[in-house]
Amino acid sequence: MDFEPKILGLLCNWCSYTGADLAGTARMKYPPNVYTVRVMCSGRVDPGFILDAMRAGADGVLVCGCHPGDCHYVEGNYKCLRRIPLTKKLLEGFGIDPRRLRLEWVSASEGGRFKEVVTEFTEQIRALGPLKLNDWAFAEQPLEVHEAA
Amino acid sequence: MIKVTIDGRDIEVKEETTILNAARELGIKIPTLCYSEFLEPYAVCRICLCEVVRGKRSRLVTACNYPLRDASVSILTNSARVRNLRKLNLELLLAQAPAAKIVQDLAAEYGVTKTRFPIKNPDEKCILCGLCVQVCENLVGAGAIGFSSRGSKREVSTPWGVEPETCILCGACAHFCPTGHIVMTEEADERILHSELTLGPNAAISIPFRQAIPNVPRIDVEHCIHFKTGGCELCSKVCPKDCIDYQMKDEIEDIDVGAIVVATGFQDFDPTPLKQYGYGKYANVLSSIEFEQMNNAASPTGGAIVLENGEEPRSVAILHCIGSRDENNHKYCSRVCCMYALKFAHLIKEKTTAEVYQLYIDMRAFGKGYEEFYHRLLEEGVNVIRGKGAEIAPIGGKFGEEGLLVRCEDTLISKFREIPVDMVVLCTALEARDDSADLARKLNISKGADGWFIEAHPKLAPVSTTTDGVFLAGVCQGPKDIPDAVAQGTAAAGQAMKLMTVGELFLDAAYAAITDEICSGCRICNGLCPYNAISFLEDKKVSEVNAAMCKACGTCAAACPSGAITARHFTDDQIYAQIEAIFA
Amino acid sequence: MPKLNLEDLDKISEWRRRTTMLREGAGRAKVTVHMGTCGIAAGARKIMDALLRLVEENDVKDVILTTSGCAGLCSREPMATVELVNEAPVKYVDLTEEKIGAIFREHVLGGRPVLEYALALGSERTQ
Amino acid sequence: MPYRANMMVCAGTGCVSNHSLELKQALEEEIQKRGLTDEVQVVPTGCNGFCGAGPIVVVQPDGIFYQLLKVKDIPYLVEEHLLKGRPVPRLMYVPPEEKTPIPKMNDIGFFKGQMLVALRNRGMIDPENIDDYIARDGYRSLAKVLTTMTPDEVIGVIKASGLRGRGGGGFPTGIKWESCKKAEGDIKYVICNADEGDPGAFMDRSIIEGDPHSVLEGMAIGAYAIGVSQGYIYVRIEYPLAIQRFRIALKQARDYGLLGDNIFGTGFSFDVDIRRGAGAFVCGESTALMASVEGRPGEPRAKYIHTVEHGLWNRPTCLNNVETWATVPVIILRGVEWFTSIGTGDVSQNPWGGSKGTKVFSLAGKINNTGLVEVPMGITLREMIYDVGGGIPKGRKFKAVQTGGPSGGFLPTELLDLQVDYEQLTEAGSMMGSGGMVVMDEDNCMVDMAKYFLTFTQDESCGKCTPCREGTLQMLEILKRICEGKGVPEDIQLLEDLSHFVIDASLCALGGSAPNPVLTSLRYFRDEYITHIRDKKCPAHICRDLNVYTIDPELCLVKGHGCGVCRRQCPDSAIVGEKNQVHNIDQELCKKCGVCLDVCKFDAVKVA
């Protein structure tokens, strides 16, 4: 059967969550692979969430926040902007393809944009194939070789 | 005080009062030509000469500037000797300035009708009284005109007779000139420029327009002479309550408030970029706001609808949706144009006999009584054409006469039409103000792609914003007409009152908290909080969150290395539980 | 020049007294050296120089030295007339520098005519 | 080596323009050539006053006066006079209608009648050498005032002396100083009015050129009396030599500490600055002068508030004429009794009661001895004109004399025995004025003279007030019409009305006195106006348009044989006639230029 990736979506309550809601109320079609969790602000996203999700079986994690300058808490998205690249470096350390983690800015009125991001990210994860972190015996498994991003 | 007698009547006056003023108190009128109460007496026309008799010696002095100092002096303002002097003086003046009406009148008063002296220039009016030079030099302070050459060749002129740069066209010289020798000529053309109609007088000090709040005059610093030359101050001289203070400046005040209602409104769309409509290029193409101003009773045209050459239009075309419902400009519908366009049609029908053409896409008469108004207009003979105005072109080419050609497609009869009209009114779109982006950032509210501010929730909280205490009212939240704007205004006020009447602020349940035992005092979270809600307790060497200021964004919780901060309603465990559930 | 005080004023006026007296034509005595053509030939110039030196040496302010034409007695040249104020002029003849020195001291300064050198008393009168 | 003789070369403007400086150079060269440089000094002096006889050299101590010298006379003069001691009669002054020259300066009538007070150092000192001035008691009165007298005592002396303004107004100087001293204000000014706008007046000029220190000393004394530390002298730009001499005098006075701070160590400081007038006659009037000094256009203002209270920059200011200031030191030095012994009237009770001291007049017009004359007040016009002035040239008959410059009036022959002082001149309709005195003889036309003076004042009117600007203009138009033969009888009454109107209504003294020439000429020479208007004739043949030129046929034919000289010379070819025929003049074409009268050798041309 075709591989259906499971993606965790961490959406900030004021912009991306509202944007996603708009996409829904506007009846936009997009793949259901992203399971969303609402946080008050993209700054709330703790790298731990991302790692735990992958351990729990997520094939990809999508973090969305307000456009810089629009954040309801003024600077939350800037903190997220700093943490995500660090987390990507961490994933690399574990041998996980950093492209499985993606940060996007989606404002409250950009329903359409949310739809495109989710569609595109799903295809990208599908191409990368399942992560199946639990099957790894960490010691023996060779590090996953990944082409240039 | 000293006692003097004037023409036999006694009077007591202050020292140094001039004879002219003393006589005026007695109601005795002494003729003057070169005197003005606003200026230092120049005493050159000598028409106010009177006899001052002390004992048997009599002396002739000018009443306008002779200071009365010693008492027991009798003054004759109309003795035979004085009258003869004035007669000869006037005869000389008639020869010098035959066309000066004030001299002719005064001369007639003294029975002098013609002059025995040769007249140099029959239409000369200037009597060289120097009032204009003095007012320009001392009162206005510009010093643009003065006396040149000497003796009988003396004349008032600008330096070297060329146009002076210091002249500020205040017209004071023309105002003070007693003989009308100096007149202000209006060189501007007679056309009525619709784009420059203003609702109030454009004097340096005026009430901007009738309904201005506060309804008091204010000084236009650009045009007021005082701010240019330090002179004039005529307005403070005539103000009975002496309330003019030239030192007043705009002040910025910081006021602490509990709530903010944002009602910053809109600006109208500038149709100039839409070259096809010829706004700013052809005469008589007006924007809706210009047409509105022209109709106002306080406008220079007094409310009359006139073309640029001042005549009444015979036909007017009103084009809807200029800049609205337009892919290249604003996709949204500005909601109010249809109804005010119909109002315009009604005004034109009422005030003039012109034909009216409404070019619309959809007639959105959505409000209570709006549809009935629309039908009434149809009965009044308004021609409605379903088709957006495509282009305006000058008639000149075709019918050789003035006027404009409106090209459009009448989709109901699917025909392409060209309608010759005298005037075109463009119903321009409502758009967000240029500075709304800055305001949004300042107030921490968000702005949609269409530029209007975003309400907390379109249905559940239309007047409040995502920031507590900041509310929205009026068009700044989206195009709406006056009834809706008033309703929203009242709602926003209600919301604000709610905060104030309760007196306490209900904190959201969600805010962060630090457990002292786990906190290692690393102070990473201190600088993190955008609201400075986290402070460090020196004594206990731990950080602490001020619940009232915390907005519960959770950024600090994510950053705390030891997990000492729990974001109450979004604790880590809750989120982990959701993740586990998703991937279980 | 330093600032003047009162004494300086008098000093200057005293020092210039000589020039102004000369200009006003006033003076206690007047010595006229006759310098006609023959007079000059006979050495009147030397007499005049001598007189000028004498005036300077004695710092005399009120004596007027002047010249005049030939007095007519060519044989007794060089000649000079000394005329004190309101006194008859005395004409001296065959003058030499020594003689004029004596005359100057005796007559001009002392007021006593030196008769042995004199030709005559009271010849023509000049104001 | 002391000098035995001084050649006093006159270096006043009059003589300088007659090349007296070249004369001085020639003298110095000749004296050098003759080896007399140690014996004879050449000294440039101020104006001697006898400008008619310039250039002048006076040989001192002999007091011999040489006149009308030319550079070519110098070698002969030096050899004869200096070397041989023989004065040169050929170069001496010869009184008119006489033959014998007068060698001594003091014997010449022009100088004999004079009494020098303001001009005391005239011809005696080198104006550019302060020592000369000091030698003749210069700055002695300043010293006396500063060290022995209080300001009030000084004012007391000036008041008692009866000195009155020499500028023309004749206001008692003592009272002016006193009221200026009393006026409040800690900064006050004294001004010397050297504008001297009157045409034909040059006494102020020769005082400044000849004896600048006398003015400075006078101003210093006045400043001490009133309590002033800053003075100005307002000299007209047309007197460059006077300005230059005054600058030199200022520098020397400052160097000697006679001007500037702490004079004579008495703590009194006073200095003077020069301001140059730009050539407007109206700036001679005090308030106009002060406006000009302040840099504003020279326009007078009403004098209801006197300048002694609010003058220059609205501060108390005492303005006096050059001659007034120059007279002050002499009064201080020689005392009140001496000064009141000169002149007329009695000033012990009332300072207006008389005219004391001397006055400098500039004698010009139809007079033999043209020049500057300082005479005691009270001298009669006859003595002035005939004794001092040397009578009328070419034996013409005296007709009138005009005193007080353009604002003065004409005095006819009947008033020749009038004493010259403030009261009597004003009573006669004229005024003292600056001291200009223009003598007219039978060849002058009074209407033309009135027109001449009115043209001046009309042109010089500042034009500020209507009566003076328009009044004088219309009066001039009327006089022009009369002189063109278009006068009408009513003109005389209109002229009189206008004159009284301009005098009464004008703002300042210029307008207040401009009509005087017209009024006095109407008063004393009304008949000439009538002949001009009724008979269209000008007795003195001055008014060209009224002259009618005719040719006496008999003279032209018999004597001249119709020579035709006049026909050829006539610029408008208005004379017709052939050789050996009587010529006559076409009255239509004749422009009445008078050339024919001049060229006809046979006096055939007659003017009526």
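The first chain written gets the first letter, and so on, giving A, B, C and D; residue counts start at 1 in each chain.
Note that a residue touches a chain if its C-beta (ideal position, glycine included) is under 8 Å from a C-beta of that chain, and two chains touch if they have at least 3 such contacts.
All of these numbers come straight from a predicted model, not from anything done at the bench.
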For this session: Averaging each chain's C-alpha atoms to get its centre, pick out the one most distant from chain C.
Result: A
For this session: Could you please state the distance in Å, as a whole number, between where the Cα atoms of chain A are centred and where those of chain B are centred?
Result: 55
Exercise. From the C-alpha centre of chain B to that of chain C, how far is it in Å?
Worked result: 102
Exercise. So how far apart, in whole Å, are chain A and chain D when each is placed at the average of its C-alpha atoms?
Worked result: 114
Seminar exercise, completed: Taking each chain's centre as the mean of its CA atoms, chain A sits from chain C at a distance in Å of 136
Exercise. For chain D, what residues touch not just one other chain but two or more?
Worked result: none
Problem set entry | In chain A, residues with contacts to at least two other chains | none
Exercise. What kind of graph do the touching chains make: line, ring, star, complete, other?
Worked result: line
Problem set entry | All touching chain pairs, where touch follows the definition stated at the start | A-B, B-D, C-D
Seminar exercise, completed: chain D partner, complex, touching residues on chain C are 1-6, 9, 12-13, 15-20, 22-27, 32-37, 40, 48, 52-53, 55-56, 64-69
Problem set entry | Residues of chain B that touch chain D when the two form their complex | 43-46, 49, 60-62, 65-67, 84-85, 88-89, 92-93, 95-96, 116-118, 127-128, 130, 147, 150-154
Problem set entry | chain A to chain B touching residues, read off their complex | 6, 8, 14-15, 35, 37, 39-41, 43-46, 48-49, 52-53, 56-58, 66, 69-70, 72-76, 79, 83, 107-110
For this session: Can you check the complex and tell me which residues of chain D touch chain C?
Result: 1-6, 8, 38-39, 41, 60-63, 82-86, 124-125, 131-132, 134-140, 143, 147, 255-258, 262, 264-265
Exercise. Can you name the residues of chain B that touch chain A in the complex?
Worked result: 441, 444, 446, 448-449, 454, 466-467, 510, 528, 530-531, 551-555, 557-559, 567, 569-570, 572, 575-576, 578-580, 582-584
